[in-house]
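Scrolling down, you'll hit the structures one after another.
Shared chain: chain A. Partners: chain B in the first complex, chain C in the second.
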Partner chain A sequence: MIELSNICLSYGKNDILTNVSLSLRQQGLTSIIGPNGAGKSSLLAILNRLQKPTSGEVRIDGQPIDSFDNRVLATRLSILRQDNQINARISVRDLVCFGRFPYHNGRPTAEDWAVIDQAIHYLDMSDLQDRYLDQLSGGQRQRAFIAMVLAQDTQYVFLDEPLNNLDMKHSVAIMKQLRRACEELSKSIVVVLHDINFASCYSDEIVSMKHGRIAHSGSPEQVMQDHILMDLYDMPLSVQQIDDKRLCLYYL
Partner chain B sequence: MKAFLLTLGLVAALAVISLFVGVADLSASEENYSLLFLTRIPRTLAVLLAGSSLAIAGVIMQMLARNKFVEPTTTGTVEWATLGILLLLIFAPESSVMVKLIVACLFAVVGAVSFLFLLSRIRIQSEVIVPLVGIMYSGIMSSTITFIAFQYDLIQSIWTWIQGDFSMIMRGRYELLWLSGVLCIAAYITANQFTLVGLGESVAKNLGVNYRWIVIWGVCMVAVISGITVVNAGVIPFLGLVVPNLVSVFMGDNLRKSLPWIALIGAGLVLACDLLARTLRYPYEVPIGIIMGVFGSVIFLSILLHRNRQYD
Partner chain C sequence: MTEAVSRPRPLHWPTLTPGWRLALLLTLVVFAIALYLTWDIKASLAFTLKYRSKKLITLLLVGFSVSTATLLFQTLSQNRILTPGIMGFDALYVLIQSILVLTLGVIGFNTLNPYMKWGMETALMILAMLMMYRLLFRGNQQSLQFMMLAGIIFGVLFSSGSALVFRLLDPTQFGVLQDALFATFAAVDPILLQISFGVLAVTAVALWRTHARLDVMLLGQNSATSLGLNYNAMVLMILLLVAILVSLSTALVGPVSFFGLLVVHLAYRLAGSYQHRFLIPFAALLGMLTLVSGEFILQHLTNFSTRLSIIIEFFGGLFFLALIIRQGKA
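Our next item is the complex of A and B:
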């Protein structure tokens, strides 16, 4: 289990995160939603150890995150942020192979290759696996990076806006695959999402953030409520029940 | 693999030709024959070592800066090394090659670190801004060097120092370049880490790479290679820019795969330029820095145009 207790982060006088406490489930899909500047990406940066919190502690399976060796940590949790190098001429297959780097350290075994092939297949990249990243479209590149993280095969997976640059078909395909990975491989996957309807349809739990604090957390039924979302995004909207899903209409 | 061996053969053939190009005819007398070991072999080895290590220093700098258009001679690193030598010429003109080397390397470290620090302070890291910052920075450093040299009437001596030129190489005066050769092998061993650093801090850290240490290691490697070549052969511009970009077109940027090619093409290109330098105005020599500047800029422009066409 990943536990964040009283995480605060500030740059000078600006408080980015204030007293964020959260425990992330051992298995299942958690979505983090919230308006721009709510501190979602900063939270992932802290988990990525790119950023040290001003105060507070992160524990992974009971141990403080700072006590982990880099490579051991890389086999427990993986994080895909948004700012990925886009003009590198690295083939999709090589990139996904780097996902196994914490295990093989440069010398992939047959077992590693099996995981790599599976991840490539999982994301429907088999035909593109020998292309360089700079020859791919934004969405294909996004899928290549997700394949890399899946090949890393960690219990906890954090994805910052994985649906960025993806069309409807691939967005749905990725959410279904993430769902499948949660169920079949019993992983705990945390995604930062802007499209709250995806969050509603695919998550076990939704965490909403605003102004560097956790606003709500709970099941999609609990969080997908008119007053909660209007409050969160400061705009008029309405939540509708369609079949067994709750969808938010905010376009008008 | 086949293509690699073929190119290797080609470079080896060039190296053999290089042994027999010169004013003295080696077969003329016993005495001339000894020139082979005194100057010809050392010169050829120096060219090969400088070529491959400078190309590798270039690609490592590109990974650290996450930009394809930088290299030690366009980011102030080499200028800092030169500044170190200039200060030695002023304050300790009698110092040995070893002292010169150490001072040049230390100054080069300052140069590389200060450039990377400068980059980390700049918010807009577009593909064009980064090399521009580098060029401005190295411009400022060059004028500082010229200013100081002018004050001490050393313009000419420092110019001879930094002008890329292998004609003074002989046995006993190039051996430090072997250290660059060792660094090339070390670079190959850590190639995967450099590739990951090139993919950005968050990807590298996510995969368990100790980002900070790899950056420090890379900076040291770039600085030592720059220092050694400046002290032994002078400045050879464009090489670290042209070779990695050329190799990237057909081999990609996975350094485990491309580094041997970068080393080989770097060695071959400098060797070819050195041969030209020696034969263009035979029996005189043109400094290789000038030849490299001409060829380098032409190759570089064509790679840029090729890349743009690919993106359209």
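Our next item is the complex of A and C:
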């Protein structure tokens, strides 16, 4: 269980996060939604210890996050941020191998390679595994990075807009794979999503953020409501029930 | 995606593994060294070997330190056109030399204890680096760039300082200073060599222990941190290593910077791996090969009619043009 209590973050006079308290489930898929600038990425930066909160505390399985050794923490939670620019010529397989770094420390064992192959296979990248990253399309790169994070094999996985650059087919495939990972490997996966319909269809829980605060959190049925979403995004929209899913129409 | 799609292969020497490439390069280096030591011996063998090996060691040390420093700096900055020179190291070195000549005079400067001189230069460079790190590094990539920008400004400041000192010197002092500042690959002081081997050992151990972490640094700060790397500690370690290596090579032969860029780029192309355990030795050996063969050409084919640094710049320039043209076509 990851618990954030009263997290505040401010740069000078600008409050980025205000009193964010949240507990993330032990297993299942949680989506964080919200307009640009709501503080979603800052929250991930705090969980990655790239950013120290101005006040408040993060606890992982009961222990404060600061008390963890870096490497031990890297076996508990992994985070994939946006914009992963790499200059070096690294192949997909080698990139995924980096996901095992907290375990092998530079010397991958046969067991590590097995996990790496599995992660590559899981993301349908077996054909591309010897390609260099600069020979891949944006979507393929994105999948390679997700494979790396899966290879890290942590209980908690945070993905910042994993569907960026992906076409419909691969977006759906990724969300299905993340769901499967939640169920089969009993992981807790937290994704920051901009497409709220993906959030609605695949999440166990949706957390919405606005102006650095948690606006709502609950099941997709609870959060996918006209008034809640209109309030969140400040725009007209309507939520429709199609079969058993709630979908938001906001294109018009 | 059909089965028939062939996987693209690396452009050069497709069948050679990085290990073999390294071995091949090592053979070339050994060959170049043998050639350099034994070609056209006029005096007694023992004398020639003794005379030439002193210079050879300098070449090898500089080849190692400049290449490694440049490679580390590029890994740190995630930028393949930068060299440590951008942080104003060379300018600081020049400033230190000029102030020394000014305050100690010609005789004082030339009789300075080499241990003390090297120790002081290195200490100053490391101190400058630490101060920049403390004051400007905020634990993220942007501040790293900010720190480098500050380094450029400091470089200009140091150069202006040196220019001021130059004006205060008398002609003899100026001549001595000029001599100290030109990159000359002459035989060096044995004491400096001892220090160099110490530095070499320390660096080698540090690199051996951290090469895998250096690879992770290539992924950028976010991923590296998520993979359990202490990013700030790595930044500090790399900066310190770079400061030590640069001060070593400048103390040995004076400022050389273009050379590192050339060698490291060749290493990226030819080493066949992004991994530092191959890249570092490859770049180091390539640096040695370039210097030793350059010196060989200089001594035996041109009869000392030109400087080694000029040869390197010449071939380096040609190579760089070729690189750019090829990249433009691709």
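Throughout what follows, the second predicted complex is superposed on the first by the 249 of 252 C-alpha atoms of A that agree within 3 Å, B and C clash if a C-alpha of one lies under 4 Å from a C-alpha of the other, contacts with A are read in each partner's own complex, and residues count from 1 in each chain.
One rule holds in what follows: a residue touches a chain if its C-beta (ideal position, glycine included) is under 8 Å from a C-beta of that chain, and two chains touch if they have at least 3 such contacts.
On a predicted model such as this, the values are computed, not experimentally measured, just so you know.
K.L.:
Would chain B and chain C fit next to each other on chain A once aligned, or clash?
P.N.:
After superposition on chain A, which the two structures share, chain B runs into chain C.
K.L.:
Return first, second, both or neither, reflecting whether A:F101 touches chain B, chain C, both chains, or no partner chain.
P.N.:
It touches chain B and chain C both.
K.L.:
When the two structures are overlaid on chain A, which partner does A:E221 contact: first (chain B), second (chain C), both, or neither?
P.N.:
neither
K.L.:
Could you look at A:D61 and tell me whether it touches chain B, chain C, both or neither (first, second, both, neither)?
P.N.:
neither
K.L.:
Regarding the shared-chain residue A:D127, is it in contact with chain B (first), chain C (second), both, or neither?
P.N.:
Only chain C is touched by A:D127; chain B is not.
K.L.:
From the superposed pair, tell me which chain A residues show up as contacts to chain B and also as contacts to chain C.
P.N.:
Touching chain B and chain C on chain A: residues 48-50, 70-75, 78-81, 84-85, 87-90, 94, 98-99, 101-102, 105-106, 132, 149, 152.
K.L.:
Okay, in this complex, where on chain A does chain C touch?
P.N.:
The contact residues of chain A facing chain C are 48-50, 70-75, 78-81, 84-90, 94-95, 98-99, 101-102, 105-107, 127, 130-132, 135, 145, 148-149, 152.
K.L.:
Quick check: in the complex, which residue numbers of chain A touch chain B?
P.N.:
Interface residues on the chain A side: 45, 48-50, 70-75, 78-81, 83-85, 87-91, 94, 98-99, 101-102, 105-106, 132, 149, 152.
K.L.:
Help me check something: in the complex, which residues belonging to chain B touch chain A?
P.N.:
66, 68, 127, 192, 195-196, 198-203, 205-210, 248, 252-254, 256-257
K.L.:
For chain C, which residues count as touching chain A in their complex?
P.N.:
1, 5, 7-8, 78-80, 139-140, 211-213, 215-216, 218-223, 225-230, 268, 274
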